[in-house]
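Structure below; questions to follow.
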Amino acid sequence: MDRQYKVVHCTINGKKVEQVVDVRASLTDMLRNDFRLTSVKKGCEVGECGACTVIINGEGFNSCIYLAVWAEGKDIWTLEGLTGPGGELSDIQQAFVDEGAIQCGFCTPGFIMTSWEIVNSGKEYTDDELRKALSGHLCRCTGYENIFRAVKKTMLRHLGKYDEAELVNSQGITEYPEPMPFK
Amino acid sequence: MYDIKALYEAESLDHAVRLLQEHPSAQILAGGSDVLVQVREGRRAGVELVSIYMLDELRGVSIDEEENIRIGSLTSFSHITNDPIIQKYINVLGEAVDMVGGPQIRAIGTIGGNTCNGVTSADSASTLMAWDAVMEVTGPEGVRRVPIKDWYIKAKVVDLRPAEIQTAILIPKESYEGCFGHYIKYSMRNALDIATTGCSVNVRLSEDKKTFDRVRIGYGVAAPVPVRAYTAEEFIQGKEITDENIKEFAETVLKDINPRDSWRAGRALRRHISVVMAERALRESISLAGGVVNG
Amino acid sequence: MISCTINGKKRSFDVSPTMRLREMLLLNGNYAVRDSDDAEGFCGSDTVLLDGTPVFANLVLAGEVEGCEIRTPDSLGDSLHLSIVQQALIDAGVVQSAYNAPAAALLMTWLFENNPNPSREDVKDILSGIFIRDASYEHYYLAAELIKEKLAGGEYRTEIAPEFRPHLKAIGKNMPKVDAPQLVSGEKAFVEDYVVPETNYMVVLRSPYAQAYVNKIDTSEAEKVPGVLKIITAFNCPDVTYMSAGQGNPEPSPHDRKLLNRKVRHVGDRVAAIVAETLEAAIRARDLIEVEYEPLDAVFTVEEAMAEGAPRVHNGYVQYNSGAPADLDEYNKKLSGDEREGKVVYQFPLHGDILHNVAAANHGGIGDVDAAFKESDAIVEATYQTSQIQHTPLETHICFARMENGRLIVHASTQVPYHVRRIIGWITGLPENKIRVIKTRVGGGYGSKQDILVEDLTAYAAFITGKPVLYHNTREEEFIANSTRHPMRVHVKMGGKKDGSINAIYMKVDANTGPYGNHALTVPMNSCSKTLPLFKCDNMKYDLTIYYTNIPPAGAYQGYGTPKGTYGLMMAMCELAEKLGVDYKEMVLKNHVEEGYMLNILKGLGEGREGNVVPVGSCGLREAVEKGCEMIEWGKRVESDDPDWKIGKGFAMIMQGSGLPGLDQSNAICKLETDGTVIVTSGAADIGTGLDTIIAKSTSDILCMPMERITVLSGDTDSGAFDTGSYASSGTFFSGNAAINALTNMKNKILAEAAYQLGEEEDDLELRWPGEVHSTKTGAVLTYYDISHTATSGTGHGQLITPGSYTTMASSVPYGAHFAQVAVNIKTGEVKVQKFSAVQDAGTPINPEAALCQMYGAALKSIGHTLYEDMKLDKDGRCVNANMTDYGVPMISEQPDDFKAVLIDVDDYHGPFGAKSISEIACNGAAPAIGNAIHDACGVWMRSWPMSPEKILKELGKIK
Amino acid sequence: MATQLLMAKSPEEAVNNKTATAAFLAGGTEVNRLGSDIAVKADMLISLKKCSGLSDITEADGYITIGSMCTFQDLIESDTVPCYLKEAAHFMASRTKRNMATIGGNIASLRSDSYLIPTLMAVGAVLEMEGNNGSCRIGIAEYVDRSEADALITSVTVPKEIKVISRRFANTAQSHAVLTMSAALTEEGIWLDGAVKNVGLLHFCDLEKAFREDPDISEEAIIEMVRVCTGLHTADDMFGSDTYKRYLIAVTAYDLHKRLVGKEV
C-alpha cells in the first residue's frame, strides 16, 4: 500500500505556510520534522502529559493526538512564536524564569502555551480554576507550585492588578495586608 | 507517524456514510482521543479510518422544534460545558464532561465518541443514562433514534449498525423540564484519570417541594455498561424528602448495581461508595431543586 | 522525478531537471561533494564519478543523470574503515587542510581501478583536474607508489620521509595525522557541514566605487521581499571602531573601521548586509536596495597615495589610546572631521600620518650606512615591485552563528578563535563568557583566516535577530573583499668589498596596505626583521612607510612580508656578487650569520615595540646552502638542445621566526580520564598543518603511552584555554611548548599520586610504556587506569588535571635556502621551472612527512606569486580577473618536474623537542631564487612580480 | 534561468526543438560554467548527451570523421584520431574537463582562445551540420565567418596525413590562452590560423603569402610586418599589451614555418 500524501495550508506562528504531509503524520510530527519547531515535545504521544500542547485557533490541544491533515486552515502557535523579533522573551516566559518554574525544561513549552491561553483570555481565574486549567500538564521536577505562581502573577498583571500580583506569596496565595475582602 | 493503513476524510455526512459503505472494515474517527490512542498502543494498529472531524454540521447545541435539547455528536466536551442551553437546562452534563481527562483532551474529545466507545466509565454516559437521553444515528437507511437504555448492548458494544454514524444526542423536554441533578466522579486523581465509579442523580420535586415527584439515578462502572438503579427510583417515587427516605433510597441502589473487582478497585469498595455517592448526589440535587430535607 | 543510483543505492528526487547535480547530491546528504569555484569547473572539489568517469558535478544537470550511476567521495570508506587509497594519502602526508582531499582520493581510486600500475604521467594526468593549495602535488606521486606496493605485497617499501630523534617513539616519526581519517573520508568537518537546515542566509551589497561617501540607503523596497529578516547598514550598525586583524591586543594596527562604514574605500567594500530566510530572497532584496553614493577620487599605488594633494583614504580624525603626540589637536584640525569618515584610533604610536595617506611607518638600523657606502668597492641599487596576491584557500570564508540560551555560538573557519571572540565582543557588547567560538576544521587559511573578515558581520546578524545565520563568500568575494599580500616597493642599496663581504645595506620599503590598516605596520616590518638578520653586516638601515590606498584589502599571507624583503635583498646580493666578480655562493657563505652571532639589528625591529637583542640560536643555514648547491649542481653550466631555451640556476637563503616573543601566549589543559587515557585540550588552532598531531605525539612521548589512547581537542573557546592563535609560525613553538608544560605537570602529578597510592618515594618511581608507573625499588606497577580509577573514587584525591602555559622572550629562528633551475625561452619569454629544491632547518621535524608537504605547498604557492598569480585592477580599482582561471594559480602542470624538499637535522634549545617553524619560511625563497636563475639564464634582472613572458621580452629588448 | 531540459534522442529532434530561446547543451563545460549567460538567457536547454550517432569516429579514404559529441578525452584515447588533433586536445590541461568537453561544443563556442579551432582551420576541416532543412557540409573557415545559431554540428572531418604543428601561450596551463596558433603544410604551401584572445579566430593570409613568396624571409621582417599590420585589432588588456601580442604572433608564425618547411625538421 503506497503512502498517501496531502498538502496542508495553515498559519504557523503568524506565517502562512504550505506543506506536503503523510496522512498518517501527527501534528507534532509535522511541526517538529517539517518545520523544525522542536519546542513541541513528545512526552507520551497518547494525550496524557501535555508536553506537546500547541494553540490551535486560540485553544490548547495535544498536538500528538491531532492529525497533521486536520491543521488545514488552522492558526497554530508554538513556543517559538512567542519570542520577539530580536529574541526577547514574552512576559509569561520571563515569569517562568523569574519564579523558578523551570528545572529540566521538558514540560515547559507545553505549560507555557496553556498559560499563554490563560493569561490572554482576559478572565480572572480563581486559584482552583487556575489549577484545573493547568491540570492537563505533567511536571515531574517542580511540584507545580512555582509554575502556578508564575501563571497567577502574569494573569494578574495582564488584568492590570500589578500590586496584587506582587502580593502573591511563595505558596501562590495572595497575602492581603488586611483581612481578605469578601469575594 | 500513526500505523494506519488508510485515512478517508469525509467532506459531508452523506460522503461519510458512503465511505463507510465502500470500506466496510473502516472505523469512524471523531476527535481521536480514544481511537488514535489505541492505534498508538497497537490495539487498532493498521486500521482503516474514516475521519469525520471536519464535519462542522455535527457540532453545536440547540433546542429543536420538539423542544428536545439537541447536542451534535461532534460537539467537544469544553464547548458543552460552556454552552448556555446546557448550563440552563442540564448543567450537570456540563459538569460531568468537565471531568473528562484534562483541558486539552476536553478540547478535542467529542460526546459522540464518548458514548460510541461503549465504555461504562464514560463520564457523560451515566448522566445521559440518568436523563433518558436518545441517540440519533444516521445511516444508509436514513435516521434512527435509540433510547440510551437500549444503546449499550454489552461492554464496548453499542447499537450502531454497519455504515451508521451517531449524529446527535437528544434530551426530551419531559426529561429535563423542572429537573435538577448532580454528578459525582469518584477517581484517584482530579484530572487525567478514569472514574473508579460515577454516580449521577436528578430530581423533580412536587409543587410544594416537599415530596419527590421523580428521582433518577445512573451509574458508571457499576456494571459492564452504564445502568439505572430502578428499584431505588421506584422506592422513593412520591415519598417525602426525609433523611430516612434518602438513606433507604441510597441503600436500595445495591439491588440494581453489580460492580466487579478490577485492578482499579475492589467490588466491596465500589458497593460502599455507590451508596455514599447516591445519598450525596441526591441531597445536592434536592438543594439545587430548592427542596429542604425534613423541611 | 529523476531517479539514479548513488553509491550503489537507488535514489529518486523530485527536483528541477536544470538543478546542478551537486545541489541534488547535497539533498542526498553527500556533502563531501564541495564547491571551491562557484561552478567554474576549475578546482575539482565537486568531482564525482558519472557512469565511471570523473566529472565536475557543478557542470552536470540533474536531468542528465536519469538512470545513471554516480559515485561520490564519501563512498570510499569512513574514518574507521579507510580504503588503501585513503590510507596511502594519509601516510604520504598530503591530507592537510584537505577541503577537497575526498575528491582527490576519489580520483586516485578511479585511477587505480582503471590502471593498477599507473606511471607518474598517469598520476599527473588524473590530478590535472584538481587544485591542491596546501601540500602541492609531489607527495601524491609518493602516495601512488605506496598504493602500488600495498596492492602488490601488502607493505610499503618506499621511504615516506626521513625520521628523526630515534630515542623518541612518536616525535620525529612518520605517523598518520590525527584528523586525517575524518578529512580524507569526507565526514562532517568544516563549518558548512554543521549548518542547521533551518538556517537563515546573509549576503552583502558591495560598493561599485573604489572610494565614495554613502549618503543615503533606501531599503524600503528590499524589506518588502517576503522572508527578509534584517538589513544592516552603516546607519543602524553599532558605533564601534575596530580593526579586522587577528593580533594580540593592544594590536599594532590602527582601529580604522566599523562593521559598515559611511565611506566605502574599495570596490567590494561592505555597503549593506541582508539577512533572509532563503538565499534567493536575500539576493533579490540586495538588488532592490537603492544607495546614494557620492563618488570620490581614489588612489591605487603608493606613488599616487604619496603624491602631493592626493585624495585621502582616511580623513576623519585621529585618536590615541596611549602615547598621543602633543600636537594631536592641531593635527586633527587639518583633517576634515567629517563624521562619514569615521576615525582612526592608534592603540600606541605607529607613526601614521593619515594627512598623507600614511597608515604606519618605522625607521631604524645599526652602524652608519652612508659612511660604509663610501668604503664599498661596489654598490648596487634597484627597486623591486611586488604584486597583489590572493591566498585562494579551497574553502572560501564562511561563518555560521546562532543564539543558544542568550549565548552567541559562532562556528568559524579561523586561525584565531580567541581574537574572533574578543572582536565579536566589542561589536555586540557581549562579554566573552557569552560568546563561544568553535573553530571547526579549516579548508586552508594561509593567513587569510587570521583576519576577522566575515565572523564580525555574521555573529552580529545572529545576535540581533536571535536566529541562526550563515554567510559564505563567493569565490569572487574571496578576491575583492578578503585580504591579500601587501603590494610593496622594495628599494635596496647594497655595498660590498672585493673579498665578497657586504659592508652596507639600505632598505627603503613603501608598502600598500589598501583601505584598512589591518597588519599595516607588522607585514612591512617583517620584510626587514626577517631578512636583515641573515647578514653579518655592521651597517644596515631601513625606512618603512606604509600607505593607505583604495585597492582591495591587504592583510596577512603566509610569509607575512618576508617573501618581498627576501626577494629584494637576495636579488641585490646576486647583482652585487656579479659586480664584484665574486661567486654568489661564496658571497652567501661569507655573509650569512651563524650560531652565537649577536643580532643587534633586532633592536628597532620589535613588533611596534622595543625589539630584544639576542644571539643567533640553532642555525642550519650553512648545511642548507651546501646541501642545496650540491643538489642543483651549483656552478655546472647546463645547456639545452633548443637554441631558444636558455637554462640558469639561482638560489636564496631564507629565515622566518617561530611566533612573537614577548607577545604570544599559549595554554593547554591535560586531563587523565578515569580509564587512564588522556585528553589534552589546547587553545591552538590546527588549520591543517598537523598541530593537533604535534600535541598528541608530545603526549605519547612524555607520558610514554600509545597514540590511540590520546585525544587532542582544540579551537573551542568554551573548552580550551587562551591561545593567541595560528600565525607568525607560532603554532608548533608556542602551542607545542604550552602542551609540553601541561604534560610535564601531569607527569609529575602522576608520579606524586602513584607515590601516595604505593606508599613509596617519588624518586624511585618512573613512567614507562605503554602508560604505567614502575617502582625501580620494589618493582611494583600501577597502570594509569589504576591511578586514575583510585584517584576518582569516593576516597580519591580527585581527577588528575594539569594546566600548562608558555610565553618566552627567546626566538627560535628557522633557516634554509631554496634553489631553482629554470629554462627561459628568449624568443617567447616563457619560463619553465625545471628543478626546485627546498632545503630547510626546522629544528626537530615532529611530523616529517607533513613538514615536507608544507615545504612543497609553500614553495609552489611562491612559484605562483613569482611567475603566474596577479590580481589585476582596472583604472577604477575593480579586479578584472577575480576568478580562478584568470587569476593564474599554479596547478600540477606548473609544478617543477624535479621538485625536492630536504630537512636539515638541527636541535633547537627552546623549541618543543627542539622543533622550529616550517611553513611561512618556505614562502620566502622562490621569487629571488627564480629571479637569480632567470638572470643566470638570459642576463636580465626581473625586478617585479610576476616575471611574465612579456616583461622578460621587454627586459631582453625584444619588445618596447 | 532555464528550467526545462530536453534529452534529445536524435539530431533531428534536437534541431526541431531549437527555438530562439533554447540552447544546445553538449559537455556543459561552457554552457553551465560560471560567467556563461547562455543557460541564464535560455528557457530550455537541449542536451545532446543521449543523442544517437554523434560520438563515433570513422575513417574513409584518408579522412577521419569525428562525431561532434566526442569528448576531448575520446580524441586522445582513440587510435584513429590523428596525432596533431590529440596535441590540440591536450591544450585543455584539466583531465576532468577533457572527460566532459566535446569537440562540437568547442567549435560552436567560437571562443577567441579556442583549443581546437586553429588546428581545424589549418587542416581545412569540414563540418557536417544538421539544420531545419536537413544536413549540409561547410568548411570550418566559412562556419567561423557566419555560423548559423540554430544548426547543430554533427561531425567534423579532417585529413589523416598532414603535417601540422600547433602552439599555445597561456599564463598557466589552465588559464585562457592569449594566443593559439597552428600551421599546416599543404600543396599550395603553408596554411596559418590562430586564435588571439579578445580579438578572434584569424586566418593569417598575409603571412602565408609572405612565406610562400620568400621562404627564407627573416624573422625581423615578419615581426615588422605584424607590428604595422592594421588588419589586426589587438589591444592592451589583462592578457598582455598590443606590442607583446603582435610580437608573439610574429615569432610564433616564423617558428612554425621554420619547423614545418625548415631543413632540420
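Per-chain residue numbering starts at 1, and chain names A, B, C and D are given in the order in which the chains are listed.
In the analysis below, contacts are C-beta pairs under 8 Å (C-beta built on N, C-alpha and C of every residue); 3 or more make two chains touch, one makes a residue touch a chain.
Bear in mind that the values here come from a model prediction, so they are computed numbers and not experimental data.
Q: Please work out which of A-B and A-C is bridged by more C-beta pairs in contact, and write that pair.
A: Here the pair linked by more C-beta pairs in contact is A-B.
Q: In whole angstrom, how far does the Cα centroid of chain A sit from the Cα centroid of chain B?
A: 30
Q: So the centre of each chain is just the mean of its C-alpha atoms; given that, what is the distance between chain A and chain C in Å?
A: 51
Q: So the centre of each chain is just the mean of its C-alpha atoms; given that, what is the distance between chain A and chain D in Å?
A: 70
Q: Averaging over Cα atoms per chain, report the distance between chain B and chain C in Å.
A: 78
Q: Find every residue in chain D that makes contact with two or more other chains and list them.
A: none
Q: Using the touch rule from the top of the page, what residues of chain C touch 2 or more other chains?
A: There are none in chain C.
Q: Are the chains arranged, by touching, as a line, ring, star, complete graph, or other?
A: The chain contacts form an open line.
Q: Name the touching chain pairs, would you?
A: A-B, A-C, C-D
Q: Write out the stretch or stretches of chain B touching chain A in their complex.
A: Its residues touching chain A are 1-7, 9, 32-33, 36-37, 40-41, 51, 53-54, 78, 101-105, 107-108, 190-192.
Q: So in the complex, which bits of chain C are touching chain D?
A: Result: residues 16-18, 20, 37-42, 44, 47, 53-56, 58-61, 63-64, 66, 107, 125-130, 475, 644, 827-828, 830, 868, 872, 880-881, 883, 885-886, 888-891, 893-894, 948-950, 953, 958-960 of chain C touch chain D.
Q: Name, in rising order, each residue of chain C that touches chain A in their complex.
A: 196-198, 403, 464-467
Q: Please output the residues of chain A touching chain C within their complex, sorted ascending.
A: That would be residues 35-36, 83, 85-87 of chain A.
Q: For a test of understanding, state which residues of chain A touch chain B in their complex under the given definition.
A: Interface residues on chain A, with respect to chain B: 1, 4, 22-26, 29, 45-48, 50, 53, 59-62, 65-67, 69-70, 72, 114, 132-133, 135-138.
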